[in-house]
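Both complexes shown next keep subunit A, but they swap its partner, so subunit B is in the first and subunit C is in the second.
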Partner chain A sequence: MPSGGSLTQDPCMNIRSHIRQETVVLLLAVAIFIASSIFLNGFIEASNIVTLVRGVALLGILAIGMGIVVIGRGIDLSVVSILAISVACMLQLLNMSYSLPSALAITLAGVIVMGGINGFLVAYAEVPAIFATLASGTFVYGIGRSQWLSGDVVYMPDNQTGFMAMGELKFLGIPAEIYFFLGIAFLAFLALRFTRPGRFIYFMGDNFAAARNMGIPVRPVIVLQYIVSALIAFVAGVIMAASLHSMNTRIVNSTLLYDIILVVVIGGIGLSGGKGGIRNVIVGTLLIGILLNAMTILDIPDLYQKLIKASFLLVALIADGFINPRDEQTDQAGDI
Partner chain B sequence: MAKWKTLAAAAGVLILGAVPALGREDPGPAAYKQALDGKTVILVPMAMGEDLAQGWAHYIGTAVKEAGGKFEVRDPNWNTEAGAQAITDAIGSKPAAIVVQTPDLQSYSKLYKRAQQAGIFVIQVDNPSNYASDAFVGSNWETLGELETKAVIAGCGPNSSKKIGLIQGDQVNASSLDQYKGVQNVLKDHPDFQIVAAPDSNWDATTARNVAATLIQQHPDVCGIVDFWDQTAQGTAAAIRAAGKTGKIFLATTGGGEAADCKLLESGTIDALVATDVPNQSRDVSTLIKFLLQSGLKPGDAKTWLYTPEKITTKADLKPGTCWSIEENKAAEAAAAK
Partner chain C sequence: MTTLLSMRKITKSYRGAPALKDVDFDLRKGEVHALLGENGAGKSTLTKIMAGVVPPSAGDMFYEGTQVRFTNPSEALKLGIAMVFQETNLVPSMTVAQNLYLGDENFFNRLRGIYIAAQQLLQSLNFPVDPTATIATLGAAKRQMVEIARAVRLNARIIIFDEPTATLTPEEKRHFYALVRRLKENGVSVVFITHAVEEALMLSDRITILRDGEHVVTNDAANLDRDSIIHAMVGRTLSGELYRHRDAIDRVRPPKAKVLSVQDISMGNVVRNNSFSVYAGQVTGIFGLIGSGRTETAKIIAGIYKRDFTRGGEIELEGNPVRYAVPRPAVKDGIVYVTEDRKTEGFFETMSIAENLYSGLLTTGRQKLPIVSIREMRALAQEWSSALNIRAINSNARVIELSGGNQQKVVIGKSLIEKPRLIIFDEPTRGVDVGAIAEIHQLINRLADDGLGVVVISSYLPEIMNLSDRILVSRQGRIVEEFSPAEATEEKIMYAAVH
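Our next item is the complex of A and B:
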């Protein structure tokens, strides 16, 4: 498709052409689900399904933030650093006897500034997103650990009983984390589908030059994208801390960041941007959730779990290559 | 006459012999001072963010400085490459000894050899490796596993389901593999107890929470869990809380014995802790350094293994001073600097 040809094109066209990968993943998830239900004792029980979804709810929330950025043909490698350092700092403030509202306000301001800096670097300084966020994530972690935090782990002070109780909160037997996941997914769906910036993100991801030429305020939208991504990371961190009663900044060294990208890609949001939606994130999250739960029930060692997860990613990528062959436009614009 | 001569000589010998006894020249203080005077000891832990590393830095550092030495810390922050770089740099600066927390069985073995060839004593702490350097000081992880399992068996009691779960670290590190061996050792004597599941946390609290949740979901009658690290036990405890099983599932783990660990015991987050005695372990390290530097031994001449005695601590054992405190150590350092 010649450059600019997508000006008047409905981005839904792209989604439609992509439904097939999503379908592949969904069918895969259903197949593993059915197999697990037959062969694994207790898998199909309602309480196990709740455990399964709760186990990936945080991953899903983070993947929603990443998905929004990737649809706009960006990537945010700083989310895990922002999650860990912002929440650890908030707990540190609580330990220093700040009230919850003031600690929350201070941290929130910091998170918005960090997201804003990411967006500024990408939109105005025109640093490629992958480098800008890699650097800013390392910066946040470095300054947080060296200047503000004394150790890897910051514990929640004992007087924060309300905050701690949030970790065990349930409605109708379903943990609050799952409602948060679904709620954020719904909000993101509405924002992407029905708001101007949401539609702009699709245009920008599909054909950035054309989007700019038609007068979309591309730079402010990019900044907004990264602020939303940072805020979602913060919310995920708060939920994590409420459950664990602490924040361990060592999570920055874990594979969480790759797992987030895995969910986004496996769900069918192409890294070349402009494609997919929240539905893809949910499908990707559920596939990973079913896989992890089944592998844990089977007591498969962590190393093999990684191997199996990676194999699924490779299969998804290869399937993506077959189903959505690279067109002239992606070749011209390149991936992120 | 000859008799008198002999007597005089004998008296002379007595007097002369008595002289040094009166104004005794004790070689001790000088030798002690000379051992470390102006020399440097460098600590390379896996990360300074860890409570163990904070403890070693304080206790070993204080002892080395008290003996007239210089003490430095390099922080690789969980990065094995950065740790290797730190050791390489340390070898270049010719310290008297390096104290290293080995991240795995193999990574630093060649560097240890090089350090020893450069005349530097190498003391490994906490994690064993395949290379026997001048000394290893740390926990016997097998014993740790045994103690944790004994605590869980006692916590479950004879009338329980006798089903226990393990939350392992990974399948690579000696600290995890040896704890697993310890668990097996104890279960041989208690064949009625069985492990229902033994997932890995990969040393991550959130992963621990998720696998523990699945474990409890699959085996609701499990009466106890051994988690291989206090930091992941936070996650396992969250899963126990979420399942409403607090007080019904006995959780034992191991940790550095810092004040935060005692808080976890006090709040009932964990039920039993096999804590590393960091102050005494650090004393073993500093004593070894002082010995090696006075002994006339060269690096590589001798090999020593010192295992830190471990015991189980439960809520009932808690009293002031059960745990050591990073905060108090910092205050002490600040006071000493004044």
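Our next item is the complex of A and C:
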């Protein structure tokens, strides 16, 4: 190819560095796991492994939702608010002696509406995703906490034994969360790979103008993305409540949201869209999950944990900028 | 008159492709010098080198006899060479006065001071512009006045204009001409790029014509006339066999049913009351220079842009009035647009040829299974790669790794898979190698033979002459002339396209 000489360089490097990023992240995760098992007292113990797996599974489920949105060149900063408020409301309804199915149905409807509003803001009102979801997340938390909930923490009523049992469920000695995580990951993989909307998300993320011009229904797909993201957040919240028997809405003020973005970026899903997949989410989750657990065992003070995570995120974002450069044409003020 | 600036053997290549070859250019003190040429002739490149925006690859520049070499525009500005771009370089949210003094403010900046100074400057130039108005509220002409005032304030001795009148109304143009004459009286040298031959003849002292990056002629405007200029602009050397004007006029395809009828569509001041029709079974060629509104018109038809809500005109597809808010319904109705800029809005660069082609099928929802089938994708890729002769090292090659011609074929293939009734090619052979140009032209002819409505937009005359069964000429946002291939000559078309 004489004329394409200069063009052949970057993309090849790009692909190679992608494979490398995934592999490097996986190796790093394994290395930290081995080092922690050797040097950290109590890391390899069964009780800690259960904690680790639970944490990893929850983070992973949330990262799948975020990953889907990021592949389509968006971002959803409202997931943690939706998770906390939807599940807290559901528990509140149960406390008000609604039956489980009706509470579930009401909350699900609310979650879909929230995701739909996010999608509408981004797709039709054309508000940059980062601002739209930041605002809607804060709004959901604010209205939920001030109007619907009586306190920060909502406890599960004692009569919900089935719900509570779900949190204790184990299969082959492994907590049920991990099966949920793997199941959702597999479903998301199938959806992204083998359904039309899944492929449309990749086309949009790769080249939005091209996707729009050729007649891909970009707006409905964007709305769908945010609805799926909200639903996944809700599922994660239900799993969380099942094991903790309560929902503490203060989680909104935690660094969970940054952990999720960290997983997505470290795993190798470029913020410029169209790249990566569920595989990247899984390796990212493993690394960050193990890291967080090790830091907890080392008893690193919370402030330092935040510092370390923030540094990781910054480095990952900078690396992402180098690996997936955005040219002037795809770059737009305000979007991420 | 003394020579103020002279350029000798200026050459500029972009990635090995020459944009200018050994061009000589002289600018005298106090003269108005027009630069003419087709799109891609190298006019903009030459002026950008003059103003220090881009450095030349080779050649020398002399300013008042001493050799100069600019690495950035501010160095040229220090010597008094200022450039007024087509897209103005003003800060829209600031006032006129703030823009005039941008970069020159005192540390403690008092607006009152610069408003008074700006008022004096604008009055001395006789510009009816309010210094306290924000740029965003001004029209194109007034913005240009602000740019000119800025150049004058910096004591520019050479002012370069890139297509200054392209976006102006006739009234505003008259103001502009008066201004240029006044600058000339003050001893300022003016260089301006234009597509309007009459304007160049009327306004300038000397005219330089470029073609394909080479200098053709420089002469006093008094010694040139419209015909000689147009001849110098289009006279071609290397068209060769590829663009042999098709001798068989009887090969002209007769029109079948009317596919598209456009009545008086308007969008801002880019597309103005544009009307034309497209018939099935023939190629409708639209010739127009950049800025003539041809791409915007095509994008309105394809639903990518929206025409004005009130007085936006009518578009009828096979007799049914349509108004698209987004491209999807247009594609469903069988209108596809093949972009002129395939990298930013044509193909999916991280994906393979097969995935790109398959995107067309997925969009229409005509795939066999409700889910994505890898086997179907491979079969589709094989079928279309051989039909369009897409050559790649392997079928998994990413589209961005292909040559320009193969990329274009992928974009065309992806559009054809959507089974259009009306297909609009915008500059179908831009950045495409010679072999692929012939193949793409054959393909376009075949599509018309098969009964599709085909529109080809091009600013390359031989391409239009070679392909079209009807030739429409676009100028200033509307179709102004129609030719049959029998009567069309390059000169006639160019004559209609410039104004």
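To be clear about the criterion, the second predicted complex is superposed on the first by the 279 of 336 C-alpha atoms of A that agree within 3 Å, B and C clash if a C-alpha of one lies under 4 Å from a C-alpha of the other, contacts with A are read in each partner's own complex, and residues count from 1 in each chain.
Definition applied: a residue touches a chain if its C-beta (ideal position, glycine included) is under 8 Å from a C-beta of that chain, and two chains touch if they have at least 3 such contacts.
Quantities reported herein were computed from a predicted structural model and do not represent experimental measurements.
When the shared chain is aligned, subunit B comes close enough to touch A:Asn253, but subunit C does not.
By the touch criterion stated above, A:Gly215 is placed in contact with subunit C alone, subunit B being left untouched. By the touch criterion defined above, A:Arg145 lies against subunit B but remains apart from subunit C after alignment on the C-alpha atoms of chain A. After overlaying the two complexes on the shared chain, residue contacts for A:Lys309 are found with neither subunit B nor subunit C. When both complexes are overlaid on chain A, the residue A:Arg73 reaches neither subunit B nor subunit C. Looking at the shared chain after the overlay, A:Arg54 reaches subunit B, while subunit C stays out of its contact range.
The contact sets of subunit A with subunit B and with subunit C never meet.
Within the complex formed with subunit A, the residues of subunit C that make contact are 15, 302, 304, 326-328, 330-332, 336-337, 339, 343-351, 358-360, 362-365, 371-372, 393, 398, 400-404, 414-415, 418, 433. On subunit A, the positions that touch subunit C within their shared complex are 1-4, 6-8, 11-12, 14-15, 193-196, 198-200, 202-203, 206-207, 209-219, 274-275, 329-330.
For subunit B in complex with subunit A, the residues that touch the partner chain are 47, 49-51, 54, 77-79, 170-172, 197-200, 202-207, 209-211, 213-215, 217-218, 231, 234-235, 237-238, 241-242, 260, 263, 267, 269, 326. Those residues of subunit A lying in contact with subunit B across their complex are 41-42, 45, 47-48, 51-52, 54-55, 58, 145, 149-153, 155, 158, 167-168, 175, 240, 243-246, 248-251, 253-256, 292-293, 296-297, 299, 301-303, 305.
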